[in-house]
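Got some structures for you, see below.
The same chain A turns up in both complexes below, where it pairs with chain B and then with chain C.
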Partner chain A sequence: MSVAAERPAASISTGERVRGWLRNPWGRPRFLVLVTWTYVVWSIVPVLIAVQFSFNATRSRTVWQGFSGRWYWGDPVDSVWHDPTLRHAALQSLKLGGADVLVATPIGVLLAIGLARWRGWGSRPANFLMLFPLVTPEIVMGVSLLLVFTHVFTFIHTGTIAQILGHVTFSISYVVVIVRGRLFSIGRQYEEAAADLGASPTVALTRVLLPLLTPAIVASAAVVFAISLDDFVISQWLSSGGGTDTVPIVIYGATRAAPLPSTNAIATIMMVLTLLSLALAFLAWRAFTREERRASVATEFGGFTV
Partner chain B sequence: MGTENGNRGQIELIELRKEFAEVVAVDGIDLDVPGGEFFSLLGPSGCGKTTTLRLIAGFEQPTSGRILLDGGDVAYTPPHKRNVNTVFQNYALFPHLNVFDNVAFGLRRAKRPKAEIAERVGRALELVQLSGYERRKSSQLSGGQQQRVALARALVLNPAVLLLDEPLGALDAKLRKALQIELKALQQEVGITFLYVTHDQEEALTMSDRIAVMSEGHVEQVGTPETVYEEPATVFVADFLGTSNLMDVTVDGADGDGCRVRLGDVVLRAASGATDARGEAKIVIRPEHVELESYGAPGENRVPGMVERTVYLGSADQLVVHLATGDTIQALVRHGRSTLYEQGTPVAAHLPADAIRVLAR
Partner chain C sequence: MYRRWLWPGFALPGILWLILLFVVPAYAVVAVGFGTVDPVLLQPVPLWNPADWNTGWLVEVLHRLQPGGTFFGVAVRTIVYVGVALVLSLLVGYPVAYYIARHAGRTKNLLLVLIILPLWISYLMRMLAWVNLLAIDGYVNRFLTYTHVLSEPRDWLGGQSSTVILALVYGYIPYLILPLYAALDRIDRSHLEAARDLGASPWATFRTVTLPLSKAGILGGAVLITLPMFGDYYTPNIVSGAPTTSMLGNQIDFYFHYGGQPTIGAAITVVLAIFLTVLMAYYMWTIHRAARDVPAV
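This part shows the complex of A and B:
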């Protein structure tokens, strides 16, 4: 006698069956899976369409007329490669991103170590204030930075330097949050062990703490690079126009005028760079924490267990 | 390494005190540990034993007091300049370094020549029976092997004192037993002072030359394992070490070589401990010293009672006896004899005078 024969199948209505399928406590959480996939499709389709039209053979951004690379390099005037505005914007974005990584990462790492190891009066407010740039509306930060540069630190003129300072200002918080999380998960024991074995605080930092922080440092550098490439508001407020316009600014300007598929092309390039930097960070994190994962120590990648 | 440094590694703690924001972790303790001794700090969690160890290692600064290492005050010397090394509870092996580099870490900080480092690391790994594991990462080692690497990493520097913070705590019972014996043998071989922190009384009793029993930041008693077990000085020590029957009594006066104590309506003779105390006191007797006899058996120090419960302990049976005085005591009885004492059996509990220890309040 089979099990199925015992079930009173005939007495279950379609409605109950659907509900049962959705609520089956032993199966996958189907409703949540459905919501997740709906969101993924919803968020990724516009991006895919934009990417598709960057390869369009004609000037249309709405009617597909065949595959071509003309908007990347083929078109002698309007391609990303040949249009000086676009090329310059790409270079400016990369310049800001690179400088941001080089300045914000070391400062952020030192701040994170300081804040994680500093106990006593003032450490709690300081830890809390570190989150401020993450929650302050960017437009507010842009306006206030511009005020600071035009009225207080007047020796700093708008343009590349001001933009870098602006990016660094809000990027540091991301570095601090990521590195501090790693610091808390590795604890103080390795530094104490190093001191116990005769390492001065400086040697303990360079020989033990920094190697252990490497995954977090690489990850935060990649995140800083990605958010710097993405940034529009701060770059715009602190731009001195023309040569210091970044890719998002140029795209914004172009879409208000007469957009060409080359806008899609440069957006695609930026997106690929962002994704590559994040993928690189993720792989680096995996590689550096492989030993720890083997020892079944849970490691966190910006809040995600990997 | 060797026994030639027999007198090196003397530790003296003088009125050592450590306060944290809201608690006093170490409340003015005095200890004197001669060089080459296996000395344990034993106590429940929160008694200040780990803080004491961390003060000696230099991870914490004392609020007041002195830490003398071979006569010199090191209380304010930073940890990397103290001639003591620590085996951490969770070993704290550097995960980014292999076994060789972990063990060589201290020698490299001391800027020893390459050949010497290789030679000493080799010998240290040999000592802990891990030769051939040099290229392994710590994540590829078992708990017991990691523990040995931690030992080698500390011992390779030939410290005056080795500090061990519950080093066997993370291991399973069988491995722990094996390593207890190994650790003790190792300590005798290298001949340096081991300061061992544990909450496991059996561990402390098995390995130590002397034990300091700690409670709430104080040292309750210092002595050999036999002394602290057989002759507990305070109620806390009697209660913490092993199973004890503690009872409230009134001490009436002298009685032969001991004193007369009143336990409810029963008068007993006690011949051990603070027999010159008078008035309110406590007596303690170990379950293995309680003898059960048939109800109504004659002689001094017999208290009538009834068997309340029998618990199988493996090697013996533990009997819980409810005494006529209202107290409940435990008795250890060999297998076989316990069948005589089923639940509800009336018995006479013989509490030998020599085994009754008086503890002054």
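This part shows the complex of A and C:
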């Protein structure tokens, strides 16, 4: 298969080695290794440095002067725990995230099941409509939601309710994409088996399909929570200021003024929450699908050691 | 009867939600953009009936977008920023995706986690990280003056185009690498072996097999990051804040939040949305044509 590998290693000069791995598409390409790891370091280390400075002992976010927890709770005025703006923002973010999960997940799951099984007039436009929120730039959604709440649904004012409605609108499609992927991998045979054994569609759904969908539902709930916590644009356009500012809005405001390490601290807290919820969802997914994977490994890759 | 309406019934709440909070709002932007302004209250008056539409605002925005108009510079800058950021993202992202898909071996899963990780770190957190690093006494300036690359600290956050472009690359590149990786990972190795067995050089194999087969991933990823970049306003605001780096999104933000002229803001949004729809349509057309020309393997 490869040219370079057939030669004895000792007799290869540098030039030949370079030509060797250029010639061999499965060799170790050092240039690509360098680019990839440089990229990984570049993409992650700045965030780690920002986390480090959330523990700085002084007000500086650029000069490290020792470890301290003052920006989380110690400082009586400016810490996340004591600064009412930061505490409010964290609560508002969690409120929006929680409400988003509770509303968007059921609607999205139902929509995914409906779109996967419905084969009639209207199913194609509905599928098409579902994709739009995924590709619409957030500013366009932000402008349109702001205008709809100021000119059409005038009984809803900007603020928490409007923000929740906005978050659910961009979250539904994510739930649909995740749940539908799982629906396709499950196939229809379990439901058909249930129907053959005399189950009504409702029973087949609640006793057969929903348990099989559980991992996807858990995963989409975690994803919805994460994208809601991370959202800046929709929250900002639908915020009525003051108490309805979320953590990303506070970070945005702080970066343009004179940010304290407490900004890094609250950003760190939200990042940990997001990653934690996703990690839990991932573990739950693995736990739910363990039996299936074992079964499929046994049938499909029976001859291999996996 | 019951069975016939079961599945559409499941989809109904979601469809209704999207109609009420996605389609109606989109139409509201159009109605405001084609609307009038109350002469006393200076509030926008949306016109819902297309027969009544007042095209004055849209014409004004299009007029100002032409050479010599006040939006011309902003529009050119937006296209240049997005274009340069896209090219840089591809130059960095393609080798990374290629390496992970083809050569990573035992480190593949670790690398996949590491390139997915930034997607789950809040965009604002990642921008905040760079604001810290690029401050006058920040790590970047200290490193560059220590190594004598710069004789004195540079004001990275004081309205530099290069900072905004690099911030855009940093912000959006993870969304490009993932589809690129997916496309490259799907390529059947037997195609590469066939090309090599038939005497193609590694470069020719890459150019005639790998690159064309990853075209869908390149285009998909490019669309995935250019659409939000065209609507971005917070990145230039965070890392620069100067009018010299303002993009189209900043104009929309300005007319709604500071300028008090939502009608012009809505008209710019309509123009931007039409432009992006054309981009999207071009992408769909390319994918459609590619799917028709290349028989399924």
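As a working rule, the second predicted complex is superposed on the first by the 265 of 306 C-alpha atoms of A that agree within 3 Å, B and C clash if a C-alpha of one lies under 4 Å from a C-alpha of the other, contacts with A are read in each partner's own complex, and residues count from 1 in each chain.
Everything that follows uses one rule, which is that a contact is a pair of C-beta atoms (placed from the backbone, for glycine too) under 8 Å apart; a residue touches a chain by one contact, two chains touch by 3 or more.
Predicted model, so just to flag it, every value in this text is computed and none were measured.
Undergrad: In the superposed arrangement, which partner chain does A:M271 touch: chain B (first), chain C (second), both, or neither?
TA: After superposing on A, A:M271 lies in contact with chain C but is clear of chain B.
Undergrad: Quick one: classify A:A199 as touching chain B (first), chain C (second), both or neither.
TA: first
Undergrad: Figure out whether A:V208 sits in contact with chain B (first) or chain C (second), or with both, or with neither.
TA: Touch status of A:V208: first partner only.
Undergrad: For A:V63, is the partner it touches chain B (first), chain C (second), both, or none of the two (neither)?
TA: In the superposed model, A:V63 contacts chain C only, not chain B.
Undergrad: For A:V168, select first, second, both or neither according to whether it touches chain B, chain C, the two together, or no partner.
TA: second
Undergrad: Of the two partner chains, chain B (first) and chain C (second), which one does A:V140 touch, if any: first, second, both, or neither?
TA: It touches chain C, and chain B stays clear.
Undergrad: Determine, under the contact definition given at the top, whether A:Q189 touches first (chain B), second (chain C), both, or neither.
TA: first
Undergrad: Which of the two, chain B or chain C, is in touch with more residues of chain A?
TA: C
Undergrad: Touch check for A:L229: first (chain B), second (chain C), both, or neither?
TA: It touches chain C, and chain B stays clear.
Undergrad: Taking the stated contact definition, name every residue in chain A that is touched by chain B in one complex and by chain C in the other, in rising order.
TA: Of chain A, residues 201 contact chain B in one complex and chain C in the other.
Undergrad: Would you mind writing out the residues of chain C in touch with chain A in their complex?
TA: 3-4, 6-15, 17-19, 21-26, 28-29, 31-32, 44, 46, 92, 95-96, 98-100, 102-104, 111, 114-115, 117-118, 120-133, 135, 137-139, 170, 173-174, 192-193, 196, 201-202, 205, 223, 227-228, 230-234, 237-238, 241, 249, 252-253, 256, 262, 265-266, 269, 272-273, 276, 280
Undergrad: Spell out the residues on chain A that touch chain C in their complex, using ranges where they run on.
TA: 1, 22-26, 28-29, 31-33, 35-36, 39-40, 42-44, 46-47, 49-50, 53, 61-63, 107-108, 110-111, 113-115, 117-120, 122-123, 126, 129-130, 132-133, 135-141, 143-148, 151-152, 165-166, 168-169, 172, 176, 201, 226, 229-230, 232-233, 237, 247-248, 251-252, 254-256, 259, 263-264, 267-268, 270-271, 274-275, 278
Undergrad: Quick one: in the complex, what on chain A touches chain B?
TA: Residue list for chain A touching chain B: 189-190, 192-201, 203-204, 207-208, 211-212, 291-292, 294-295.
Undergrad: In the complex formed with chain A, which residues of chain B make contact?
TA: 57-59, 78-81, 84-86, 88, 90, 92-96, 105-106, 109-110, 137-140, 153-154, 157
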